[in-house]
Each structure stands twice: as structure tokens, then as C-alpha cells.
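Shared chain: subunit A. Partners: subunit B in the first complex, subunit C in the second.
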Partner chain A sequence: MTGKQQALQATPSSAPAAARPGTPVTALLKDVFKPLASLRLTIVCLACAMFIVFVGTLDQVQIGVYEAQLRYFKSFFLYFTLPGSQFRIPYFPGGYTLGAVLLINLIAAHLARFKFTWKKCGILILHSGLILLLIGQLVTSIFEEESQIQLDEGQTKNYSESPYFDELAIIDQSKPDSDAVISIPASRLIKGQTISLPIKGLQLRVDESYENAALINPNQLPSPNYPHLRLGPMAVAVAIQKTYKQNERNQPTAGVTLLKDDQPVGSWALSSGFPQPVQFKIGSDPFEIVFRPKRYYRPFSITLEEFKHDRYAGTDIAKNFSSKVRLVDPSAHENREALIYMNHPLWYSDLILYQAGFGNNDKTTVLQVMKNPSRLLPYIACGLMALGLVIQFGMHLVSFVRRRVIT
Partner chain B sequence: MSPRKHAARLTPNAERQTPNAKRTIISWIIFIVLAGWAVSNMISKKPSSTFDVTGFGKLPVLAGGRVMPMDTLARVSLLQMNHHGVEEAAENQKPAQKPSQTQWLLDVLMLPEHSDGAKVFEVTNPDILDLFGWRKAGIYSFNDLQPFFAKIEEQASQAAQTDADARNAFQRGIVRLRDVLRLYVQLKNTIEPQDSPDFGKEVQVFQQAIQPGLDAVRNRDAGKPYDDQAFQRILLFTHRYQSLAQAKYAYAIPNPSGKTENDRWSPFSEALLGAIGTGQIPYPVTAYGQMVSAYRNGDAAGFNQALNQYQQYLRKNFSPELNRPTLEYYFNLAQPFYQSLVLYLVVFLLALFSWLVWPKILSQSALLLLGFAFVIHTGGLILRMYIQGRPPVTNLYSSAIFVGWATVLFCLVLERIYRNGIGSVCGAVIGFTTLLIAQNLQFDGDTMEMLRAVLDTNAWLATHVVGEVLGYSAVFLAGLIGIIYIFRGVFTTSFDENASKTLGRMIYGVVCFATLFSLVATVLGGIWADQSWGRFWGWDPKENGALLVVLWNAIILHARWGGFARERGVAVLAVFGNVIGSLSWFGVNMLGVGLHSYGFMDQAFGPLLAFVASQLVIMAIGLLPLKYWRGIRARGRHVAETGGVPAHAMPQ
Partner chain C sequence: MFLQWFPAIFGSLLHEDFFRSRRSLLEFKTMGRSRKSRRWGEVWLARPSLPESKRGAGVWRSCLFLLVLFALALTGCNNENISVYRIPKENNQVSLQTGSGNLAPPPPSNPASWTKPDGWTEKALSEMRLGSFQVAGTNDETADVSVTAFPGDAGGVESNVNRWRGQVHQPTLEGDQLAQSWQEETVDGVPTIIVDVQTPDGTEKASAILGAVMRTADRTWFVKMTGPPDLLKTQKDNFLRFVRSFHFPSTSDEEKPQQQEPPADQVKSTNDR
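Right after this comes the complex of A and B.
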């Protein structure tokens, strides 16, 4: 084992390039390279990774899986917010930082020890798999797009909706054959700000904005002048704490005024908890405004023909959920039936649709729609890692057994 | 761990002068006696009753979505009611003899007045006891609890409004008590209405009432004159059996003509009400009616005859479904996991004694017995897989069984390679501990429960889940050898350089396996997740737990390769692997977050915390400066005595 230690510890000093008399440049490179390629750094990074995984997992109880991902794993730093203030003090590297350092460390180590021997080829393959996995996860976390389609039996949709994000959509219906949609993410709706819209010189002024709201009957208000937004005769919205619960969704609500050439066109109170479009006109052009879950329009449509919730005989234990859907894509000349059930998603173009939920007395299905351009990378990475591991430990085992046989 | 044994190998002592053959014979005799004792425990005892309780126990019934023998229904029901498995005898029974589980179920199904007096409901929570004005925690009967039903229902429905994972001990307890009482009432109405004085007779009367009743109904609907008595009678029966429809915990009536799985079994009420349509009561209902009547009259011969006829009917019409329940009956009787649990304990004791007397003989018997326990363990595992038709790990309970099995397998391999007794001890300790954990996990009900929809895939269960569990096994084994390293070094004097090297090599080898299995399995899990959820990695607690295990193993390996940790360091790190392993195995299930919520449990938090604390203490001991290590100090003296020749340099 000691031989291996040295091999892995090897720094550029033992590499052929450094065998020549050191020029200042190679000396500098060596100084920079050495700590970057060190095994010590690897271990520190792995230990830090364990820490954030552990803390991030525990925190999921409070803030849910999605928010924990953002704070711990898809972030550069973990922040501590001083109680009663907005100050955020970074106290630990986040997932991105650690991943990046680990990646640099891995690559540096391989460059520093770039001396191929058969004995080390297992380790080499394993680590290149790891590099690919890290890169793949980075690409995934940037380009991945997650949305859902909720369909009642018989319903057809050509879009999916984000399970987390909402948008304020202004729909220009003046053209006969197509609508123009302007979508403003809910996070951009900040009280007091005015947003310029790329259409007909329109501007949107945000008069009030709640991150999350409860929709209640007006006579449930604690007092008539308790701050609220009136959505209609029977409903008002009051601001409540943002929720992180797995089975709850935030209902951002805003009071907005649309301006044309600084003249108000109309004012509305809109809530994503009540995504009913409101119609209005600018001049003679019909418009709609609605606060709704963020939409992703698709070139194809999906119709739910039948949803099935099978149970084991005599119990309520779910045996299977399945959605029989019809997929229609005029541009690709596709019109076919497909069955989506547990462990059996539908793959179409660059999307995967899988069975995620149900409701409404087993008449409604929820399909999760995933778009991940780098979804092949983990497969290749995993193949490499498994191969490397098997080669490495296999060689160990063989030499170990051989030693035992000799002695 | 057998320091003395090791010493024995180096320095001849009295035992060594015993001829080899004789030693082997003695150790085999010890082994055969103990193995024979274990086998005798597994063989069925003669039933004390003249009623064919065994035959009844093998009858198939559908409960929890699967066909099981009556015996399993009895065991599963009782396990939910109390933690002792076997209920205590009713007061009016001979107190010396505990009835078997099947006997109890027979009473519940056929003679409920009797079983109402049987003490089966465990009440331990002091607040619940206060509610009833009771002092003593214990096991109470249905009759004891009867006066408090209204109170229980009221409290339980209040408690049920709290989320299941936010309930306190009282709320959990009262909801559970209500649920098991409901279960009991459902059981009482499984094959007869609980108030039927003579169900066999009732079935006959019902059969005779169907045709005239139907005629009366038809005539009445047509506005013709009808027999009012026949009409009233069929109406009465209909109401009576409709109210039975709530009792559908177990479906006792097989329907051989059913095509789909859901059609092949029906609850009693359905069979009885269905008879009104067809005019013919299905034979199984009549058969059960005959058994009930005979049982209530104490007519053993009549009962056995009716049972026998029903068995023949099943064999003729339902034979494919009979195999597994019958096998499961014997599996229940033999209790292979319990037997191997006891044997592992015996192996451990043998190994302990082997350090005091007869090191060679006892450690050889220990190894033989470990192998035997492993055979029983394996047999149980294979039987379970066959009965369930699934790979070995399907829930938390079976993961404990499998961790134990895999560890013992690793240990037998280690023992084969190193022949130093460490394998026997580790196998015995981990085999015993994991089976004990499994024993405690089975109180939740049927351990062969049906799998939630997403888990219904044998291919992934067999690869990802099994690999993950093999990883845990190796982690715990490495951790245990680490503990042995630390204890032997700190507390014994036999810790020479050779022992230290050997233990270090063992830990390293096992950690390598842990890395291999956990990494490959985690990656496979990612692929499964990508296939069925559309994402490779979702930072779900269970995924993170698996990742922690992989990361920790990677740290150990890199620390060793980098020379940051040597034998002692690796041993201490391996002990921390126990902490990571236990958190990943059990801890994440207590969070109640995420998509993998199939193994939820919350009651084991205290024991888990205690285990983690104990491991941290052991690590602290392992980090004591070397001057406090007795093993190291002894080594110094030894070197002085032998004139500087290190122990491992001596000829073996």
C-alpha cells in the first residue's frame, strides 16, 4: 500500500516535466499546483460536503426539499441571517463552491500525476467519471426545467406549469390567429416599482405585493381596515408567511396598475391562488391579465383519456397509478396514445413526463415534466465510475488472494 | 477478538498438547449438541387441542392485499395489539397454558364471547391509564376496555386531527388503541356476525329463505299478492349482512372463478349478499358455518370433518394459491430469524469463553455454530423471498434481516482468510444486533406487506436496494472491527504490532467493499430516480443519507492513501462510519420528508441517539494518546524482554 501512497502523493516534482532544471515559471506553477492538487484538499472538501449534506438534510424538515436545495446545494455560500435584520453573513461554502473546488482539485491532481500506468487505470477511470458527474450536475442544475401538467379526464393542455414559480401574464388578444403573452415573474413584483413592458408603451406599477397570501371571505377580516387586497366581492387576500411545506404552495398576490403613456388603464388585485383572467381593453384591443403558475408552452398537446388508481385487493394500499393520454403534435405528425405509470414515464422530444400525483377522486392526474439537456451525462459518468471501481478493487482482490496463496 | 487464542498460536500451552483430532471431535460434539437444540426448537410441538388448530392455521385468507395463512393473520393482528406476540390466557382458562396465536384467532372468529376476555390489548402510556383510572401498565382484555369505548373514541378522534408525525405519545397511543379495537371488532365479524348464536344453522335458514324471499320481493314489486313473512325475513337478512360489510380487514371467502386478483377473494358480507342474487350460498360460507357451529358446541370431530372437507375443496379448486400460505405457516412456526438470533448470541458467548478456557476447541465450535446459524438465517431469507415473490429487501424490517445476513457472510469470508476469531465475534455481534432490531421493527404489522406503487419493481429492488444494504453491512462491519482495534489496543496487553496490522488490513478491506457497494448502489439509485421521477439526483433525505455513506468511505480511503490516517486513524474513522451508517439507515426515516417515505418510523429516536453517543465515546477513547494504550505499553515491555525482536518477526 505504501507504494500507492507515494504514487498518489506524487507532485509535479516527480513528473517528467519538472525533472528539468526549474525555470521560474515551472517553479511558480509548482507552487500553485501543489496545494490545488493535494489529497488534503480533497479530504477537506469531502468533509465540508458531508457537513452541508447533513445540515441541508436536517433543514429540509423546516424549509422543504426545494428551498434547502437552493440554500445549501445550489449556492456558493451558506448564509446566516442576523436575527431582526437583513444582514446575511456567509459562514460556509455552499454546494457550488465545494463542487468547483473539488473539480479543480481533481483535475489538478490528474494533471500533476499524469503518468499513465496500468496499475492506476482503475483510479483514473473512476475519477474521470467523477469529474463528468460533477460537471453533469452543474449543467443540470443550470439548465434543468421542472414543471407539471394537471389534467382532468378529457381535458387537453399544450402547456405545463411550474410547481414553484408564478407569473403575472398580460395577454394581447388583438391579433386574430395568435395571442402575445408578456410574462412577469412573481419575484419581480416589488412594491413601489414600475416595470416597462415591451408592448405599446405599457408600464406596470406595483402598488402592493404579498409573497404569500390567504384568500378569505371579507367578513373574516380581523377588522375592516386590516391590510388586504380585494380580489372580488367574496374574496380578499391577506399577507401570510411564506410556506416551505411540501404539500403547500405559496400564493403570491399583487395589486397592480397598468399605465399607458403615464395614464392609468386599469388597476387590479390579482392572486395566483385565484388564477382567473380579467378582461379589459386598450382602445379597441382586447387584453387579459392574470396571475397564475408560470407556464411553459409546448409544441404538442396532451389529453387525459383515463386515470387509474389500482389498489391491492381489500386494502387502500396503492398498487399503481396510470394515466392513459393522447399525445398530439401536428408539427411532428404525431397523434398517438401513451400510458404513463409508476416507473414508466413517457419520453417525448427533449421532455420526460412521469406520473407524479392524482386528485379529485381519482379523476385528475398530475404529470411531472422534466427537461434536462444533460441527462445522459450522469449515465456515462456512472458507467465510468463503476468500471473504475471494479477494475481497481478487482486488481486489489486478485493481488491480495495471490499473496495469501503464496504465503 | 481472541487475544489469548492468538497467544496460544505463538506459545504452546496445555491445550495445544491435546491431539488435534480429539480437539476437533470435542468441538464438533459441542456444535452438534447446540445445533440439535436449535433444530428441536424449530420443529412443531404437538397441539394440545383436539380441534385441528394446525389445519385451521394453514387456511388461506386475504388480508393487507395478500393471501396469507390464518396463522399469520393471527400473529400480525396480535403484534399490533401488544408487544409480546402471544396474548395471555383468559382468566377462565387454565392459566398454566398459553393458547397459541391461531387458537386465539379461532376464538375471535368463532367464539368471540370467549376471546373478549383474553388479555391482548397493551396499555402502557400513563396518560391513557389515567383516562381509565387505572394504575398499572399492562395487557387488558376487550371486556376490561368496554366501559371506556366512548372515551377512547372521543380522545382518538381529537388526536387524529393532529398530523401523524406531530402527535405526542398520548395521541399516538390513543389512536393506536382505537385502531386495534376496531381491528378486533372487524376480526370478530370476519366469518360470522359476532352475535350469531349458531352460524351454521343461520346459513341454512338463510339458504332456505332466499328463494321464497326473492319471489315475495318480485311479487310485491309487480303489485301482486306476496308472502309478507318471507319478504320480512329476506329484508332482515339483507340488513344484517349489509352491516357486516364494514368488517373487511380480512377476506375469507375464495372465489375460484374470479379472473383478476381482486375478484378471487371476497369478504363474508359480499358472499352472503351475493347469494341473494344467485340463490346459492357459496360453499366456503357453508363450510365456515359448519366449523363455527361445531366449534361453539365443543364438537371437535365435527369441526375437524368440516375443516377437512373445506381443505379438500381448496385443494381441488384453489391449489395454486395454497402453496405459499402453507409454506408460510411452517415459516411462522420455525421462526428461523428468531432461532438464528439466539444462535448468534450463543456464538458470541462461546467466543467470549474461548478467551478464558479451551481457546481452540471453543472458537472452533463457535465458528461451526456461526456457520449453522448462517444457514438457518439464509434458509429463512430464501423462504421469505419465495413467499413474498420479492428480492430480499422490501422494507425497513427486511433491511435489518439482510444487513445481518450480509455481515455474517462477510465475516465468514474474513474468518476464512484470517482465521483469527475476529470474524466469528463480529458476525455474532452484528447478526445478533440486527436481528434484534428486526424483532423490534415487526410490531408495525405484516412484515411482508405489499409494496407501495413506486417500489413495485423487482429489478431495482434487487440491485439498488440490495447494493445499498450491502454497503451498510460493510460499513457496520468495518466500524465493529474498528471498535475491536481500539478496545484491544487500549485495554489489553496482547496488542502486538502484528495484531494491529492485521486488524488494520481487515478494516481497510471491508471499507473498500463498503465504498464499492455504496457507490455503485447510490449511482444505480440515481438511475432509478431518473427513470421514474425524471431526475438523477434530487437531494431527498434518503439520497443524501446514501451520499453521506459514500463520502465518508471516500474520506477514509483517501486519508489512508494520503498517509493522513494510519491503522489507528482508520480504525477511529471506521467507528464514525457506524454513526453515518445508522443515521443514513434509520435517521433519515425520522425526518418524514421526501419521496422515499416508505420506511417511516419515529419511536427509535432515543436508541439511535444513544448509539451515536456511544460511538463518539469510543472514538474519543481511540484518540487517547498512545501512552495510555495498554497494548502499546505492553509492546514496549515485550520488545525490551525479547531483546528488541518485534513480535511479528517471530516465527509463527
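Right after this comes the complex of A and C.
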């Protein structure tokens, strides 16, 4: 008997393991994974997945594509909010839960049920493709980053902006060569909370916070006492319902006080609908505070040289949109022109830039910037699945033909 | 990023499997087996198994535990974290996104120009100010001058003048009465009104406002000087000279047809018809 088997026999668990064929390790693994490998579980999960896809697709009409994705597919549970309260009761598994259970189920099935034989290698390849697909989706949902660059002709930017998220940025301009940016996500601005900031002992107190606001003239207030935030002499912000429409953006607005060593430095009312930086000083150090769409800074800059909106002759029907841009990356000694148009995005470092929109009488372009480290995984996964199917059916076909030849 | 995974790793240490494996390690020790057979992987696998009836429950617990780990890992990777990063110095490029009910003024594409009178000190621009000055008088008195511009009629001349009147405790006026309270003139081809109001006699903290409202084709410009009445009296000539120095390129030069164009910040998707 090997040392390994002796060791296993020393504990009570070794008894069932020894009774099974194969190495004790695989036998034990089978023991553990068998209930997880249940086919019933697979069927229930697939049925639940069909249900959430159905309901989620219907709900897109009400809450838009992005919010529906968040609520139904990029969540662990679907929640029901009790009317008139903040309590949320989970009532159905969400996409993450189902995906995770299916993934565990599939892996467990392989460990508990399948034996590796050449006859089954087609199924194994097919399933490994499926596992890769599920893992790829998980990696995508965690690491994917979607943003946009809006450029006027001649304008240069070294950052893109989130179409969904906003940030309260406090910019320390005390250094001569570079600025330090503290980015606080809008979702962290909760009324009454004080947030410790990671530099110079600063704290931010949130005095008021609106998820979405309309910016109006003070004269348009229903009454002078109507709750509002004063953004400036001619504009006030009033809270309105969050919007889910695809062509509208929420304008989170907050009244904040910056504290240094518990002493207030200043109070401001800021709105992402009016992303104008406000300058102030702490001691002699110049600072800026601004509420704006969340920015992703890049090591390169993009300049829009020309935007073209071609139409079919004699009509107003769009034929082609294209952006001629100049890409400059000093760190990679890159300085080149690129043309971005339909099906021809610009690939640079780990980003892809697509033509997405236009405006300002065809003088402004909007480029969609996608960062997805796992973008190749679905292709590899589908390739594996196709290969698995071909091998599996090919083997059946060969044996069938052989039998026919013999008879 | 990896710091966010610590709760998950820490959680796994607290999981009962870990303790169970420690217990079986102790069992090995007490049984006096040779050191060679003590490998961590085997120890984990050789943990005492649950009775047959409870084994299913244990597995479900592991499954739930895996889900919790997964949830912890995910929550660590979302957009909720405060981040600090350094960027090269930049010019303030303000981006204006479209949104519901946005009345905030777009940055003037063709800003007016003006000449600052001697003795006025320029101040840092803040919030919506396109021009900001401080005027010093005798006895440490100071007055503040601001230049702002808003799209359209910015709520109307009447309501804005009445708002200024309210700030110096003067009653609201209407129609002809209000029109008689201001002076009208034309600056660079733009109709302009000049307002001079101050707190009623006997007010504890006397203050005055000198204001000018200039209505160009696309926006309304406000020049406002606030301070003690004595100082404003001595500065009135300077203020008028300042207002009359305004030059509006977009209205007085030949660029008017642009008015018909849609707003600059309206962006369409290339997928739209």
C-alpha cells in the first residue's frame, strides 16, 4: 500500500473512498461534487435563466437596457421594494447567481460523473468551451469598461467619460507638473455622511444629495421655500425622479462641505449637469472641485481632425459617418492619423474606439471607448464548442459508416 | 485591486473546512505517522466526513459559501471606490453633457470683451462668473463686480431687476413704474438697461447695487456691482465706462444666421435614423 493510501485510511473518511475504484483523491472529489452535479439543478437553473431573460427583456421598455442589465443579469437577486420603505426583499435569483450555480454545476458534473476516455473527448471539449464562455462573461462583467469621447473638430482630449456614472472630483493643483485627482463616485454621496478622503486629512460632508435634478431659474421655483440647491445666482437645482431613458442622463447634484482637520474649508452646491470647476484654496495650495461625468484618463491623446457625415445624393439618408483622428502617445512614440468608421474601429493598447455619435452640425463626433480584457474568450469558447461538436458527431458518423460497411 | 480580494481569502480561512483540516492534522500528529505522509492536500481531503444524512447539507453549505465568496469578490470590483490618481496639468476643458431640464449656461463660444477701469482688481472666477473684480474704497470698504451670462432671457429683465431690488430691501415694482426706475441705452448695438438701487434710509446695514442687463440675440449679460452706497456713488462713472466698453462679436459682426442651428450639445447616435 502506498503512503498516500495509508494516510487516508487513518481517518474515518477513507472508508467509502477505499471502496470505490480509481484513485482515492478522485473518489473523494466525486463524493463531494455529486450533489452539486445534479442534472435537476441544471434544468432548474436553465428554466430560471429563461424566466429572467423573458422578464428582463420586457422590463427594458420601462427602465432601459442598461438598468435592466443591472437589475436582472448583473445582480445576485431580483428585489422587490416594499412600497413606502427602503426594504428590499429578494424574490428570485439574478443572473450572477444562476451563472455561478451553472458553472459550479458543470464543473462538478465533470469531476463527479465523467471519465476521461477518447470516446468522450468531444463532449469534454464542448463542455470546456461552455465553461470558458461562462467564465468569460464573468470576467467581462467585472472588468469591462465602457466610456465615450466627445470631440469637436480640432479638439484634443486625453480622457474618456462614462455615459452612466458621475464623479465628484477634487483636484489638488499644488504641484507644478501634475495634478492629483480625488474621484468620489456619485453613488457614495449620501446625505448626512462624512467621507474621509485619502489625502491631506481631508473629509467631505454631504449636506444634501439628489440622484437626479433639474436645473432651473430661481424664478421658476414653485415657492421660495421649495427644497433646492443654489448653484449660482441664476440657477437652482431641484430633485426630480431618476430617469431611465436612453437619450437622457441623470444629473446628480449635491451640496457638500470640505473639511480639513474638522475645520470647514468651503461649501458648494454642485451638479453634474453643470460641470464647471470651482476654484478654492487650502492654505496656499490651489484646488478645484467639480461634479462631472466620471473620467478615465489615458496615456495617449486623441485629436479630431475632421468629421464626415456623408449622405446619399439628393436625400438626407446617412451613407457614412467617419472621424479622422490623430493619436499621440508620447510614451510609445506613437503619432499617427487614423480613420474611424463603420466596422473599422481604432484598436489601441487594450482599447477599441468606435464611431458612435455626432452632433453640433457635424462638427462634433462621439467615439465609444471599450475596454474588455476578455473580449477574445467568447470566440475561443465558441471555437472549442464547435470543435467538440465536430469531433463528437464525427466519431459517431465514422463508427456508423464502419458498421454499415461491415454489414 | 488585489486588496479587494482579501475579504474573500480571509473568509475562506474562517470557513469550517479550514478548522476541520487543522483538526485532522492534529489527529495525524497524535497518531504518530511519519512526516512524509503529512501533505496539506491530503489533510484537506482526509477530513472527517459528515454522516450520510447530513452530507448533502454540507455540500449545499459549501455551494452557498462559494456564492458568498463570489459576491464579495464582485463587490470589491465595482465602481464604488474613491480613487486618487495623478494627471498631467490641463487646461480646463469643460464638457457639457445633455440631460433632462438642463438650463445651465453653455460656455460662451464668442464671449464679450470689455475694458477694466483703472483701480479695479481682477479676482479669481468662480461658479458662473465670466468676470470678477474687486473695487477698493477708503476706510477698507470694498465693492464686488461680477459679469455673468445666461441663455435666452434668463427669466426676464423685470424679474431680475426686482430680484436686485429685493436684495436691497426695496419693494417690487411692476410695468411702467419699474421701467421708470432704470435707464436705457445701447451698448455696442445691444439694448441695455442700467439699474441703480440702494437700501432705504435708516437701514442698519446700508448697501447698494449698480446693475446692467444687456440682451444679445442668444443670451442675457448681467454686470452687477454691490457694496456700500458711498463707494458705489464714487464708482458709478467707472461702472458706466466699464459697461459701455462691452463688445459682443457675435451680434455686432456678421455671424447672426447661426441662430437657427440646433444647440451645440445635442448629440445623436449614428444608429438613429
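The working rule: the second predicted complex is superposed on the first by the 343 of 407 C-alpha atoms of A that agree within 3 Å, B and C clash if a C-alpha of one lies under 4 Å from a C-alpha of the other, contacts with A are read in each partner's own complex, and residues count from 1 in each chain.
Operating definition for what follows: contacts are C-beta pairs under 8 Å (C-beta built on N, C-alpha and C of every residue); 3 or more make two chains touch, one makes a residue touch a chain.
All values derive from a computational prediction rather than experimental measurement.
Comparing subunit C and subunit B on the residues of subunit A they touch gives the larger count to C. In the superposed pair of complexes, A:25 makes contact with subunit C only, with no contact to subunit B. In the superposed model, A:321 makes contact with both subunit B and subunit C. Once the two complexes are overlaid on the shared chain, A:357 sits against subunit C while remaining clear of subunit B.
In the superposition on chain A, contact is made by A:293 with subunit C only, not with subunit B.
Applying the stated contact rule after C-alpha superposition, one finds that A:313 touches subunit B and leaves subunit C untouched.
Applying the stated contact rule after C-alpha superposition, one finds that A:217 touches subunit C and leaves subunit B untouched. Of the two partner chains placed by the overlay, neither subunit B nor subunit C lies in contact with A:262. The contact surfaces that subunit B and subunit C form on subunit A in the two complexes overlap at residues 4, 8, 318, 321, 342, 356.
Partner subunit B is touched in their complex by these residues of subunit A: 1, 4-5, 8-9, 39-40, 42-43, 46-47, 49-50, 53-54, 56-58, 60-61, 64-65, 68-69, 72-73, 136-137, 140, 144, 146, 246, 311-315, 317-321, 342-345, 352-354, 356, 368-370, 372, 375, 378-379, 382, 385-386, 389-390, 393, 396, 400, 404.
Against subunit C, the residues of subunit A that register as touching in their complex are 3-4, 6-8, 10-14, 16, 24-25, 28-29, 31-33, 35-36, 76, 96-97, 100-101, 104, 142-143, 150, 155, 157-159, 161, 165, 173, 176-185, 187-188, 195, 197-199, 212, 214-220, 231-235, 240, 243, 247-251, 271-279, 288, 292-294, 297, 318, 321, 342, 355-361, 364, 366. Residues 24, 27-28, 31, 33-34, 36-38, 42, 45-49, 55-56, 59-60, 62-63, 66-67, 70-71, 74, 77, 79-90, 92-105, 124-128, 146, 148, 150, 154-156, 159, 163, 222, 261-262, 264-270 of subunit C are the ones touching subunit A in the complex.
Touching subunit A in their complex are the following residues of subunit B: 62-66, 248-251, 261-262, 264-265, 267, 417, 449-450, 452-454, 456-457, 460, 508-509, 512-513, 515-516, 519-520, 523-524, 526-528, 530-541, 544-545, 547-548, 551-552, 554-555, 558-564, 580, 588, 591-594.
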